[in-house]
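Taking it in order: structure first as structure tokens, then the write-up.
Residue numbering begins at 1 within each chain, and the chains themselves are lettered A, B, C and D in the order written.
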Amino acid sequence: MNRTTPNLDEVVRDIAAEMRARTDRGEVATYIPELARADANAFGIAVIDSDGHVAVGGDSETPFSIQSISKVFTLTLALGMVGDRLWRRVGREPSGSPFNSIVQLEREHGIPRNPFINAGAIAVTDLILSRHQPREALGEILRFMQFLAQDTSIIIDEEVAASELRTGFRNIALANYMKSFGVIDNPVDFTLGVYFHHCAIAMSCRQLAMAGRFLAHSGRNPTTGLSVVQPERALRINAVMLTCGHYDGSGEFAYRVGLPGKSGVGGGILAIAPGRASIAVWSPGLDAAGNSHLGRIALELLTKRMGWSIFAG
Amino acid sequence: MNRTTPNLDEVVRDIAAEMRARTDRGEVATYIPELARADANAFGIAVIDSDGHVAVGGDSETPFSIQSISKVFTLTLALGMVGDRLWRRVGREPSGSPFNSIVQLEREHGIPRNPFINAGAIAVTDLILSRHQPREALGEILRFMQFLAQDTSIIIDEEVAASELRTGFRNIALANYMKSFGVIDNPVDFTLGVYFHHCAIAMSCRQLAMAGRFLAHSGRNPTTGLSVVQPERALRINAVMLTCGHYDGSGEFAYRVGLPGKSGVGGGILAIAPGRASIAVWSPGLDAAGNSHLGRIALELLTKRMGWSIFAG
Amino acid sequence: MNRTTPNLDEVVRDIAAEMRARTDRGEVATYIPELARADANAFGIAVIDSDGHVAVGGDSETPFSIQSISKVFTLTLALGMVGDRLWRRVGREPSGSPFNSIVQLEREHGIPRNPFINAGAIAVTDLILSRHQPREALGEILRFMQFLAQDTSIIIDEEVAASELRTGFRNIALANYMKSFGVIDNPVDFTLGVYFHHCAIAMSCRQLAMAGRFLAHSGRNPTTGLSVVQPERALRINAVMLTCGHYDGSGEFAYRVGLPGKSGVGGGILAIAPGRASIAVWSPGLDAAGNSHLGRIALELLTKRMGWSIFAG
Amino acid sequence: MNRTTPNLDEVVRDIAAEMRARTDRGEVATYIPELARADANAFGIAVIDSDGHVAVGGDSETPFSIQSISKVFTLTLALGMVGDRLWRRVGREPSGSPFNSIVQLEREHGIPRNPFINAGAIAVTDLILSRHQPREALGEILRFMQFLAQDTSIIIDEEVAASELRTGFRNIALANYMKSFGVIDNPVDFTLGVYFHHCAIAMSCRQLAMAGRFLAHSGRNPTTGLSVVQPERALRINAVMLTCGHYDGSGEFAYRVGLPGKSGVGGGILAIAPGRASIAVWSPGLDAAGNSHLGRIALELLTKRMGWSIFAG
């Protein structure tokens, strides 16, 4: 190892240690008890490079609620089903608003700004449902995650899903609002049932980093050789992640980390270093924009030390 | 040359020919007569790779009004003067609104969302003015452009500046609105005078691509070896260009082109392929979001054929 | 009769004839088939003066869907139940927005601007429900209308209610959105069930004018002598009707008609000339703000000829 | 005197005493030093009935800055000049926003919602200017006030006007914003110069109540018999005052006071009891909506005790 090629394992180990020691940890989401119970001191990281080598640190094997990170995979699945017709139902511009804002929908005739805010992901889920009964749709999403992560032990946390269903009034509002504009085809209960369940998938950092590999490597898993999407589609999903993946903190994430990424309210972030690595971090404490506080900091350190920013010359 | 390394000169020549032939050319800006007079059939492109090789096509030597592209360079200059304190006056999130929206300013206490919408660029210009008298500030900006492009023939089109000053009521509104929140320090007339003048700088594609080289190469011009900014600052300016460089069409530009870029209402776009090339295109017809219609299409073809998208694995 | 005291019967008869002859009749609401079937040529008017004299014209005995006019009566009923605590749940300012806007709710933490926009009326209905089971609450509202109109034949049009329930996605969105802020106490389905049903009450102009008499006479029916509310409450309900009773056309109604009034999408308007008369008009065609086109014109003629504007000296 | 006809002098005297004793006095405006110097303990009231009898209390003879109350008189003057064409430049709906909001202008193409918010009053002033040079226009406005109040000693406080000119960046923004939509014809500096000066007119409660008499009596001063406007125009100005006269507190003022009225940031309120009286109150402390705190309370007591609410039966 020389100075220009830092050792990934060492870098990941150092970052995990640094994160473990920090006292600023953000605020754990409390809107449902299942998330509120998360350990604020948890931190995990897993990085899989193009050779398939996995570098891990901290609580990399602990499953957590992936929440909005699932939106990357439902987008991929829905694009496979309906192709670019998907973009008639959802835009691909940053929203300039919080994740659950309804203002933009009123101004723009019920078309969500992008597939990574709640309204957009609900519209995408509705498209998947148009091809399947709810139970089948959910099964397809779960099997897709298990296939991508090559791990059939991945499950949906039914308690999380049930809690979301009981208290998700804002999402019910978003879905009905879109339906009033004809943007949702299926009964709102069906669409939201599937949506809340795929947000409740539980995965570890290792599993999540594995699932994201196709995005780092032109749409295919370089180890198995299995193709998930065409190369152009993979890079375009990355583009949407970069501009829209962190709600109203997307600009900040691009500025500091310099990688496409998608965060979830459970404290996870999936980040993609194109051609280099698929990365998952997890720390339950969130910043003001609703993104993992230490997760973002860890990714900033990682890209800096590895020189992985997509904006670097 | 094999299939994996396309010849840049050929690609650029082909694109210029394709663009020349297209009949969909967008709408030329008409809000001032000087811009309205632009030739809708014009198209120019210049690409400078890391070796300093320049590939050109079409009207690559014709000067045009760079307009908002100047915001990249005033941001660079202001960061050099005041450092990261600049970010107290302007954010770095996409706006989710048109380039001249004032709504966001009311909601966010006069702090513009980013330095590439009009309000943000005016606030940045005001910071430059805080170190200089108006005439000196303008001289410094122009000399900076000449230095970057290595071309002392670059000038300000005084007629364009005068027209903007006479009719720029919306920008006068934005500046006064910010001043009511204390975000503008200098007399509004001074700040806007400098702002309108630096937007009125006229450059050719070749000059513009030359001026942008430092952003593609870690902050320095690889040919002269002269350093403009630190590497980290260069990549962060690229990040802001990617998320905010095309107003409310930034997501679309990232999705289709996959490069950091900044457009101007004169029909120019500066785009950066980090580590690879600095690119300038120009075609006066604009799309609905106010960005060069053929310019964007040409860049999409270029990144696809050269494999330059920053999102590709 | 001299020139200063025009004959009410003649004035009403003349207005009915004029309205019958007009060809500009607005657009009938079509969002549910039951409303779309309304006869665009219908026009009815009933005016009851302080002596109990009833002047009628046109289709004054034809029942129509009172829709949002019911909001005046549910507000009265809810104020009787919970008193001024009601105003913790709903404001009393004009909204500056269409009747079903959700933008204001996001800005103002789920508190609707006034009880006469949809969100506000849903919140008021929810307060009534907090004292009753849904079926009882609905029975109480209907009996209140029958009591005020002194007519037990008034019924709810179940087909209208069923249609609204099937298609009222925007109202479902509003209710869930408020519930996410804790502004709705009961299950949304219960609250909306009662809301859609009281909007589906069918009444004739004569019945509606009778029901509104207490508002014109310090809270009591001057014929029966029965008190409905305290005098101060009656005048305050009138005040809210004047500033908020016609959605984003409230200023226009005050300017042209000069009376407190409340319109419904079924084409009815209840207007109050304090101390003088209770007035109901009906014509199904609506103007751009969603208020009865001919209804407003008829009221403008009436107040002008009778000298009833509350703004006249 | 019996219980049904309270003595106006006594009522006014009692209210003045009550107001003098209260310790909740609101917050004096501080945005310019001239207003900040106002005595928070001041309170004045003047009521002129239809016989011309003047009842006064407190500091009824002390001149204060009438500020936005001048908007009632410039509206009257402009309607006299251009007639109902005025309404092409300004609406007559409540804004649902603070007095100096610019958001609504962006949504509604630069047309202010009503003539009593700042933007609307600036547009009205611009119409007056279209008939006059700035100095003449200002002279005409001042002479109109002197004529209405029958008092040639009324003057403009030049220090207030100069302060507003120096610091009124938000109003400069509003005017330029409207000009960008073509809603302002004259140079912004001219229009704002006149606007700031007519807002700086200083009057006592007695003078102001006198000036407002025509609005209470069908457009003419019942003592002099001089007609100012047609009866219909007077009642329509009253209607706009009721729905829009207190910014985003207009609904509250209608609900509590029940009279058309217009407030100013100097702490004055002009209120009209049609057919009965013209009323002016003054107390510099403001409530959260920017209206005189004690002024509103005094008017609420007055209308209650005198039975003057226009909503009473």
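By our rule, a residue touches a chain if its C-beta (ideal position, glycine included) is under 8 Å from a C-beta of that chain, and two chains touch if they have at least 3 such contacts.
What you see is a predicted model; the values in this text were computed from it and never measured.
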Subject >> Separation of chain D from chain A in steps, with touching chains one step apart >> reply: 2
Original post:
Which chain has its C-alpha centre farthest away from the C-alpha centre of chain D?
Top reply: A
Subject >> Inter-centroid spacing, chain D versus chain C (mean Cα positions, whole Å) >> reply: 32
Subject >> Whole-Å gap separating chain A and chain C, where each centre is the average of the chain's CA atoms >> reply: 48
**OP:** Could you please state the distance in Å, as a whole number, between where the Cα atoms of chain B are centred and where those of chain C are centred?
**Re:** 55
Original post:
Counting only residues that touch at least 2 other chains, which ones in chain A make the list?
Top reply: none
Subject >> Chain-chain contacts as defined at top >> reply: A-B, A-C, B-D, C-D
Subject >> Residues on chain A engaged by chain C in the complex (per definition of touch) >> reply: 101-103, 105-107, 169-170, 172-177, 179-180, 188
Subject >> Residues on chain C engaged by chain D in the complex (per definition of touch) >> reply: 91-97, 104, 113-114, 215-219, 231-232, 234-236, 238-240, 242-244, 248-252, 254-255, 258, 260, 274-275, 304, 309-313
